[in-house]
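Take a look at these structures.
Next, two complexes with chain A in common: one pairs it with chain B, the other with chain C.
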Partner chain A sequence: MWGNTGRIIRVDLSRGSIELQSLPEDYYRKYIGGSGLAARVFWEWGNFSIDPLAPEAMLIFMNGPLAGLRLSGASRSSVAGRSPLTGHWGDSSCGGYFAPELKYAGYDGIVITGRAPNPALMLIEDDRVALVDAGDYWGKGIEQVTGGLKKAYGKNYRTLVIGPAGERLVKYAIILNEGHHAFGRAGFGAVMGSKNLKAIVVNAKNKREVSLADPIAFAALRKELNPKIKQALASTVMHENGTAANLEGGVHTGDVPIRNFTSNFWEEMAEALTGSTLTEKYLTHHGACAFCGVACKRVVEVKEGPFAIPKGPGPEYETIVAFGSLMGSMDLAATCKAGRVCNNLGVDTISAGGTIAWAMEAFEKGHLTKEDTDGVELHWGDMETVIDVVLPKIADREGKLGQLLAEGSASAAHQIGQDSIRYAVHGKGLEVPMHDPRGGGHGLALTYAISHRGACHVAYPMLFMEMGACYYPEIGFEFELEPMTDQYKPETAVIAVSLGSIENSACYCQFADREISIPEWVQLFNTVAGYQWDADEMMRAGRRVFYLQRLMNYRYGLTSKDDVLSSRLLEPAEDGAPEGIEINFSAMKEKFYELMNLDPEKGIPSGEALQKCGMGEEASQVW
Partner chain B sequence: MRIKVKPIGLIRNYLNEQDVDIVPGCTPRVLVKELGIPQELKMAVFINGEKKNLDDELQENDEIKLVTLATGG
Partner chain C sequence: MEYWKDESEPIKAFVELFQRALHDEELAQGMKKVNQLIWFDYTEDGPNCSFHVDSRGGQTKIGAGKPEEQPDLVMSLSADDAHRSWSNKLNPVMAITRRKIRVKGSATGLLKLATKLKKIAVVYEGVLKDLGWEDKIMK
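Showing the complex of A and B:
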């Protein structure tokens, strides 16, 4: 096998057993790695009737074939399983430093089941894999634990850690690498917590080399790609001002959500929260994932005021908006502190932001009262209360408010009822990220709705395609799209779902890989893994991953009727650039279903479509 | 004829707010090219506060906002 190590660590925490297993080579070729390969592993070994927080639940970490190959943007890996937040198949991607280290230690992934009798951590040092007592770390914040692990084992040991929120099974708990890079979405920190697994620590002392199909051609390709990625305009902009570099532009196009998606324009906020303001006021230096020349990460310090924080990880675009305009605040320092607190407690800033913003609106409307909130008043823009009171209550599941909000906005709204369901803004139970499709692009509404994970802007690159950040003439994507219409959006979504599935299975960063052309993608797979693909065969692999994940959700009981969005996003915006414009959602969805050969009731691909993708075995289990 | 150009977002790195003389029949697409804005920057166009198309014709005294499209994740 080329590109991959061919080895998976399989751990049963209940029994304390650790085994090495190989996967059929065919799985890699058909499902690539990361998100796709994890899904195929679960399809084979998993059980669809198990509660996501039960000991028997399966938690899968999976690399892609490009991990550790010193490519800008290819430092990511996936975590996958049944999401405790949404109840169906989910996965989440994380950059940083874990993926290359795991590969160098000799593994493509880790499959975890069971529940350790006492808090434990998994220690991986090349061929030595051990479960170690983690009693001293249990109950502590991620920053302290990460520091403690580095002190105990060495700073070259790469860490994945959960916080108190993961231990308390908060449904959107995260897993954090190096205290900075998050497996943020869908709540896999809670799955780790349910297994009494506080951390995974990996170090490759011997740094295994993986054989490549054509190392000379790959080296030549990398020599072209790395400078191309680093020097691209989008990369230089993001290096300078981070992922929020164009937040101001987003406010004017109506993409940036305000006060729980009730408004699409707030002029004064645009400059207050945009990336250049963060750079000027709080940036101390740039951070990067392994081998990345873009270095879009922020390291910030807020020296004074109520939101003062020492030098450390700074907020991404999503955190700035979730704890800024979404909550009716334009205090940039507050977003820095909120991000830091979320990281330390171990909660996803998107879901936490969406859930708290929902609670603020519910409180304003009287659907949530002080009786429900343990006397806490929730007002737009009151960030001191959010940071000092609400976030700790959520992470600790303290009182009625903590218990309610720890479940996420969709579940909280169902508990409260009284019309509050209408303004819980989610797709399949996953809080919508900080791009309002009414202004960001109508195609995004479609891909939010049809994503296997729930509403997600990076499951597929629709956002980038709608704003003209990429063209792929070799696969038929050469439309000049107008974001605020439905024209060509189903056709674009057909390409986006395959491409996004390839990106998330190859575990490539969607900012960096916008610069990679289709012929270069094909060359990457061929020189690394020796697949001898052409563009069609590569895109078929992407479609196969998309199809498999639809089959998995079907087995969790999801059908076509679940491919929807919260009603708020389908109502015309009340102000800003998208004011009064309705998203033609049903027609887009119907056309997409037709183009993708999805059954209009079941929402899964037809048997014939599955056969065409070489998925006869999978088809036989659902048709 | 003269129009006012207001850049919003990333485009500010390339362009200051300014008055620009244009010929009749000029469109935002032509204007963006003539102002030397990198073609990788994709834009939404607002003329006198209303969202318009890149190929709509500009008129005397128009105020045109050029807004870089969203990034971020």
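Showing the complex of A and C:
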């Protein structure tokens, strides 16, 4: 086998058993790796009726074939399973340093079931895999635990750690690599917590080489791609000013949500929160994922004021908006501190931001009262209360407020009722990221709704396609899209779902891979993994992953009716560039279903469509 | 060229556009924030078809041709696409992706100006009118 190692670690924490297993080779060719391969593994071994936080639930970490190659953007991996936040299939992607180390140690992935009798950590050192007591680390923040693990084992040991929020089963708890890079979405930190698994630590002492199908051709391709990615305009801008580099531009197009998506324009906020302001005021140096020449990560220090923090990981665009404009604040220092606190407690900044913003609106409307909030007043822009009181309460599930908000916005809205679900901004239970599709692009509304994960901007590259950052004539994507219309959006979504499934299964960074053309993608898979694909076959693999994930959600009880958007996003914006423009959502969805051969009731691909993708076995289980 | 008779026409219009923009407080502030020496290079349409804007050090200077100093940023495109761009009829991200615009150097400053394109287009329309080139105005 090329590219992949062909081996996974299978752990049953209840029994303390550890086995090494091989996966059928055609799984890799058909489902690529990462998100797709994890789904196929679960389809084979998982049980769709098990609660995501029950000991029997399955948690899967999976690399892609490109992990460990010295290529900008390729060092990501996926975590997948049934999401405790949404109740259906979910996955999340993470950059950093874990994926290459796991590959060098000789593994493509880790499949975990069971519950350790006592807090434990998994230690992987080449062929030695062990479960180690983690009692000393339990209850502690991620920063302290990561530091402690580095001290105990060595700085070259790569870490995945959960925080107190994961231990207390907060539904949007994260898993953090090296204290900086997050498996952020869908709450897999809570799944780890439910298994009493505080951390996974890996070190490849012998650093196995990745065997490649055509090492010479790959080396030549790598020499072309690395400088091309690094020198691209978007890369230089993001290197300089991070993922929030164009926040200011986003405010002017109406993409940046304000006060729980009630407004699409706030001019003074634009400059206050944009990436160049973060660079000027707080950046100390740049950070990067393994082998990445873009280095878009921020390391920041806020020297004084109520939000002072020492040098350490800085906020990404999503955190800046979630703890900035979404909560009615334009205090950049507050976003730095909020991001740091979320990292240490172990909560997803997008879901935490969305849930707290929802609570602020509920408090303003009187749907939440001081009786519900343990006396805490929730007001737009009051970031000291958010950071010092609300976040710790959520992570500890402390009091009524902590318990309520730890469940996420959709669940909290159902609990308090009073029509508050109308302004819980989510897709399939996952809080919407910080791109409002009314300004960001109507196609994004469609892909938020049809994503297996729930509303997600990186499940598929629709956001980039609508802004004009993609051009793939080889697969028929030559549309010149206008973001705020529905023209060509279903057709674009058909391409986007395959591309996004390829990206998330190959575990490639969606910022770096914008520079990779379709012929180069094909070449990557062929030189690394020897798939001998052409563009059609590669796109078919992407579609296969998309189809499989739809089938999985169907088995969790989801149908066409669940491919919807929160009502707030379907109301015309009240200000800014998208003011008064309605999203033609139903027509886009109907057309997309038709183009993708999805059953209008069940929401799954027809038997014939599945057969065409070589999914006869999967089809037989649902039709 | 679709919109221009010769290479002098676009430079006349674009230099005038930037001169006028300096009299608009919002645009003048926006240019100050760019704080770079930018060369707008349209030489694919003629050797003298270019101009530069120097907003370093708090003062903005505009001149025809290539700057004497090394620019911080070079934007290369056709004079027709530049006309579309200043008319706010060209998606800059799409144009860059499709290599209609080639950029060398840091475009961070330019992102600040991009948010003002709508207003720039209004000034540009006025410039075209005053130069007697109403036929070039894009609707």
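Just a few scattered comments:
Going forward, the second predicted complex is superposed on the first by the 623 of 623 C-alpha atoms of A that agree within 3 Å, B and C clash if a C-alpha of one lies under 4 Å from a C-alpha of the other, contacts with A are read in each partner's own complex, and residues count from 1 in each chain.
Heads up, the rule we're going with is that a contact is a pair of C-beta atoms (placed from the backbone, for glycine too) under 8 Å apart; a residue touches a chain by one contact, two chains touch by 3 or more.
Keep in mind the model is a prediction, meaning the values are calculated, not measured.
In this superposed model built on chain A, chain B and chain C take up the same space, so to speak, and clash. When both complexes are overlaid on chain A, the residue A:280 reaches neither chain B nor chain C. Using the contact criterion defined above for the overlaid structures, shared-chain residue A:601 touches neither chain B nor chain C, since it reaches no partner.
In the superposition on chain A, A:246 makes contact with both chain B and chain C. Of the two partner chains, chain C is the only one touched by A:470; chain B is not. By the document's definition of touching, neither partner reaches A:209: not chain B, not chain C.
Of the two partner chains placed by superposition, A:371 touches none, neither chain B nor chain C. Between chain B and chain C, it is B that contacts the larger number of residues in chain A. Judged by the touch definition given at the top, the superposed model places A:233 against both chain B and chain C.
Residues 233, 237, 245-246, 248-249, 252, 270, 467-469 of chain A lie at the contact with chain B in one complex and at the contact with chain C in the other.
Listing the residues of chain A that touch chain B in their complex gives 232-234, 237-238, 243-250, 252-253, 255-256, 270, 274, 316-318, 321, 433-435, 440, 457-458, 463, 467-469, 482-484, 510-511, 577.
Those residues of chain A whose C-beta lies close enough to touch chain C in the complex are 233, 236-237, 240-241, 245-246, 248-249, 251-252, 270, 276, 467-471, 480.
Note for the complex: chain C touches chain A at residues 91-98, 103, 106-108, 111-112, 114-115. For chain B in complex with chain A, the residues that touch the partner chain are 8-11, 13, 38, 40-42, 44, 46, 51, 53, 65, 67-73.
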